[in-house]
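Each of the next two complexes has chain A plus one other chain: chain B in the first, chain C in the second.
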Partner chain A sequence: MSTSQQSPALGSTLRERLAASLGQGVTPYVVVVGYVVIASFWLISNPFSTIAFLVFLSSLLAIYYFPIPTWLRVALGLIVLGGVMPYVGNLNQGFLDVVTQAAIFVALALGLNVVVGFAGLLDLGYIAFFAIGAYLWAIFSTPQAANIFPGLAASFPLGSAWFFVFLILGVVAAGLFGVLLGLPVLRLRGDYLAIVTLGFGEVIRLLANNLNRPVNITGGAQGITNIGQPPLFFQPALDALNVQSSPGAEYRMYFYALALVIVLITIMSARRLNDSRVGRAWTAIREDETAAIAMGVPLVRMKLLAFAAGATFAGAMGVLYAAKLRFISPPTFDVVQSISILAMVILGGMGSIPGAVLGATLITLLNLRILPDFANQLVLWRRAGLPIPANFDPVQYQRLFFGLVLILVTIFRPEGLLPERRRRAELKAEGSKDTGEALVQDEQNMVHPDVGIK
Partner chain B sequence: MAVKAQAQPLASRQASVGTLRQVLAPIGQIFVFVVGSSLILGAIVLVLALLLSRTQANLLSGVLTVLPLVIIDGLVLGFLYATIALGYTLVYGVLEFINFAHGEIYMVGAFVGGGLGLWLASQGLLAAMHPLLFVVFALLVAMTASGLLAVGIERFAYRPLRNAPRLVPLISAIGVSLVLQDLVRLLAGPSRFNLRYPQLGLSRRFQLLEIPTAAGANLRVAIDSQSLIFIVTSLLMLIALNYLINVTKLGKAIRAVAQDRATASLMGINVNLIIAMTFFIGGALGGGAGVLFGVKYSTVNPYIGFIAGLKAFTAAVLGGIGNITGAMVGGIVLGLLEAFVSTYLTLFTGGRFSGPDYASVASFLILIGILIFRPSGLLGEATTQKV
Partner chain C sequence: MALFEAKDVKKRFGGLVAVNEVSLSVDERSIVSVIGPNGAGKTTFFNIVTGIYQPDEGTITLNGRSLVGLRPDQIAAFGITRTFQNIRLFNNMTVLENVLVGMHTRLNASVWQILLHGSGYRREERQAIERGLDLLEFVNLRHRADDLARSLAYGEQRRLEIGRALASAPKLILLDEPAAGMNPQETEDATDLILRLRDQLGITVVLIEHDMSLVMEISERIAVLDYGRMIAEGTPKEIRHNPRVIEAYLGQGAAGTRGDTPRGTLPAQAAAANPGAPTSST
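Right, the complex of A and B next:
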């Protein structure tokens, strides 16, 4: 704490100086509001430009980064996500889909962040919980369920009103599977856990692929089509207001809103979890298991809680995902997906909530927008005569990019793009020459609770 | 590798007998496990067949006809897993680190061997070569390439992270594995995504035994030459590895580093070099397994490494990770189990369950079961030699 007050000029980097000058007086207000306004108008006037879209999305980063009061953050966030984005979505559906998709992955990354980042348990089969949620809704909202319960065949498929019930059921089922998987393996060392979860992910995918015989439950390799959509409960209101819109556009906006609401809930619950007693236990386990046991942290129970809590996020998003796409099949849930979510968490910074949001958004954008655009660019360059191999299509090489992200981030920026406060402090203390000073500071910053017998 | 040469007494006859025993003892252990698990699995299958034969006619004779074939298939699969598992177990023994990219090293070995075959065929040299000569040549080239690849990976992706928390190098290893998959795919191009090994004309079958049956026609049990090459070569590789680890000075240094890195370096062992050598040996074994796989199954693709690596890791854990004989034994038990499940599940359920798909499920369940009930593996704590 003391260093930042005593010497902003002394030996500070350009970045620190810039941050200091932008963080004083009315400057941040002007910069952020100006940025949001300019980016919004640019995107509205160019609704098909990917660059304008990226600049517009990064305004959220500006809102997060600059030191402005919370009410302004909330207001600007509402304007960006609740006002401008839906408006742009009417002009260009593609961008709204991208943001919805990004929101789904943000929720998944947040869930995995609870497991990997907060508690330090490496889960390589995370997508399995997503699959459980997705298949749950897919099976019960289609005639598929009649195969399982032939006696109740008449009552399936379930009506759209059940969607919200299944959102909750997805959470419960995923959490239950998390506990079932966690119970046997959480006593083991971390790297064994990684391999077992990887195996679990494969088992769930294999089961989804093969449970069409002898009883057709999952539809096998063909997957399940015509999955039910959520109820349009606001339709009467729209009719009363005389709003004309196609069902397609309506659903698109609806899913956008639903995904945002779920993301908000996940962000809030992740934050509350991290700051809670449980969250502190997770941090203790992550930092030093033996010390945590010595301090009386119930190890297995806490790990199980982290595992299950992370799984629930994926379960809810799985239900939403199935309803949005209306079609699911086993390849959607293969191991590369699990690892891409891991890459999101690692890229953003393990344990950091804003990091998970940023990482998920970046990688989704990379997949859906940047790589396809890059591929088109490559085609143009190749026509112009540049030596680019004819079979190189970047969209087909996601694994290459995810792999490079994982390697480069772990070697060169292990704390991620938006590091968690504790980890940043830790790495700084390690990096500074005078470690002793950092330690002393740590000691000073520590709040000493009243200990001892009174 | 700089263990100072000490003035050693001349190796006495006794010492060499001891060495021989040390090198060959694992073979005996493997033999016991091969026979034992075949007998146990065979007995289970027979009992099930007897129980089910009341409802399904001809089941028993069907089960008995395919039994020898299933065992041979299981052995080939088992030696495949075992050879790959050796790489996991060596690296784990030395660094306590799961080299997640090892499955991809095996895949690269398979591609190098296949690429070599294609090149030789295009030069017209393959036809002039004895098939066995090609196999040996491909093995040497692929083993060198995979070994060097493993050393390179260690140097650039793992060594900078050696003092990081445990999970960090694992994440980097996952990255390496994904990058290798797509790099090979990119280099091979779409036309050679499924790389076909050249036809070697190894069509000879060796008859093992002839069982007279009541039906009249005698049941012939034969093994094809590819399977024979597979089993013999991987056994030779195991013996060589055992010799290397237990007898040579390099092996001694590897064992020392595995036991205590700091002390080993105080004794004048170049720890970085030894770790690199360990990666080379493990990678070479993986690459060799890749070539053998290509020779036996004739088609390879860039994604074969992932599942094979996962199974091989299961095998290593099954046998007791860090234990070389354990890795072999674990691989063989797992391979036999998979072969039995994939054939007999289909047979017993009348095709309602597809065996090959559930074989993977079975092996993961085995992994979870082993980790719960016997985390030290089949060969247990008592005999665990850390590399």
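Right, the complex of A and C next:
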């Protein structure tokens, strides 16, 4: 997110507006650095305040959007996510968990964004790929695998060192299933495609639910417990440095770091793919399939590639998720999850990488932090005498809020919070031809502070 | 030897024979026009050549290699690209990106190379952009490279379609009504551009066009389709005086029925010294 290779043609207007209002001098540096420092200290001194936490996280947005050079972005990003956040995590594990959870959903949203946003293929069964990664590691890191390969029973469960191998295998398996899903739906578009992918997602979940007979592969509805954890290869280093810590805290930090690394890799991959001939082919397919194919874009290969590439992100995160939770069961992978991820993509702005990151983070925060905290606050207010009904619990209404947010976004900002330039133009042009042209004109006249920064 | 050769191409849609035993031979570096009344099967013929439809019968070859059964993207990679009658640009991509999509078959970067972002890949991208800008220069759109395609004026959109079709370095380009809806000045520019395709780039051009002055001015040969059949083929002069062509065009205005015998007497027809212009193998 902090490395900026965006081509000037796709520069974001928010950044340009900021550049215009702040000028090109030292002001933006001072503002951003000041923001990061104040937000960090506020959170460190109030490690249980959700508001401080939100302000702190939004410093990442500031880092991304303020017109500062790339090296400063990278440095500030490292300080925030690599320094302050782990430190706060030691004071309040909850926040670290929230960020890790958000990172998992960010990778999922980025993956779905490749399929839906880049290539325009509506996929309502995306969570299936997450399930495939999760079950892959769950089965082989527990005695479950011995049921499948009775001859090799002695070698299961696999040791923790295999975790990283399975991270790769999760990517490969999900990619293969992506192709498998892609093949039958190649000829379908729009609604038909959505229905078939929805079915695919359910098939995978039902398989997980029912593959406990005749051979117990997935553990059925009980799921799989005691899933293996990744190797603590850095333990000797910690011992040598005489760092005292509990395994729980270590793993928490470990998963946080792993999730961040995977997210960084997915962001880079999504970005590079989108800026390449592959990404251009996807956009062309989304725009006009017939014209794309007549210009030499191999439709089948590019669509399969979109399904596979999108799926890989979920596969890797599935492996991590299983190792982190140590327990998985089919309901985790139901269709509501697919819809949630799609909602994250839509909220952020379809086809937009920063949008997917923001959308996933916001919705995860809303679900895990903001709504529960609001509920607690209501309880406090009621005790203080405010007339709030006794059994009103906002957490129960999570989906309602969720739906409301989506409805409001589609009404007031149909292109998403951080739209991709193309989508914005598309939606504006549908609204009115004049505005569309005015907008295009507008973009031409804007300064591009990113030009020259590589 | 002819660069492009279609023999007895036939395409049915249910009971309708949209293209009926059409044969067309195009020499390298020539400009050939396909004309005919609306619904004559001209665009269908283009769709068959570019692989969007498969022919029911007949053979199509480019440089002696058969194109029947190939997918449209394979045919594009093989050397035939086209423009569309109702402009089909990628509206929300920039002008340069439109051309880069057209270059897809000429770029080789694999997914791994793209993800690793090595120097070879970056060089290829850089060269692609340079080539794209050169092509935009050729169609006189370089100054609009970073604008969205949808923001272009009508004539510019037509030029961009040609630029995009050129990006795959075709041997043969099919232009579907390149001057439709243009004013005389724009038509002149379009004519000039088509001639430059052949003269400067050495590309063979087949075009569908209703603007007869354009057709007569630039075509070496003209094929005339009517009701899916090729009713005439020859030089502009031959076509101008061909009675069947005149009937196909002017007979339409009559009661809507057509006989097999030529109706009326037209000055051009009367003056025709050589009424027996070669007709197709119908």
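Following the convention adopted for this analysis, the second predicted complex is superposed on the first by the 380 of 454 C-alpha atoms of A that agree within 3 Å, B and C clash if a C-alpha of one lies under 4 Å from a C-alpha of the other, contacts with A are read in each partner's own complex, and residues count from 1 in each chain.
What we mean here is this: contacts are C-beta pairs under 8 Å (C-beta built on N, C-alpha and C of every residue); 3 or more make two chains touch, one makes a residue touch a chain.
Values in this document were obtained by computation on a predicted structure and should not be read as measured data.
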Partner chain in contact with A:240 - chain B first, chain C second, else both or neither: neither
Partner chain(s) touched by A:386 [first = chain B, second = chain C, both, neither]: neither
Partner chain in contact with A:203 - chain B first, chain C second, else both or neither: first
First (chain B), second (chain C), both or neither touched by A:26: neither
Which of chain B and chain C A:124 touches, first, second, both or neither: first
Chain A positions touched by chain B in one structure and by chain C in the second: none
Residue numbers on chain A that touch chain B, as the complex places them: 116, 120, 122, 124, 184-185, 188, 190-192, 194-196, 198-200, 202-203, 206-207, 209-210, 213-214, 335-336, 339, 342, 346, 389, 391-392, 397, 399-400, 402-407, 410-411, 414
Touch list for chain B against partner chain A, complex: 97-98, 157, 160-161, 164, 166-172, 174-183, 185-186, 189-190, 306-307, 310, 313-314, 317, 349, 352-354, 357-358, 360-361, 364-365, 367-368, 371-372, 375
Chain C contact footprint on chain A (complex, rising order): 8-9, 268-269, 272-273, 276-278, 280-281, 283-284, 287-288, 290-299, 305, 309, 422-423, 425-426, 429, 436-437, 440-441, 444
Interfacial residue positions of chain C with respect to chain A in the complex: 50, 52, 71-74, 76-77, 81-82, 84, 88-94, 96-97, 100-105, 107, 109, 111, 114-115, 117, 121, 125, 128, 146-148, 150-151, 164-165, 167-168
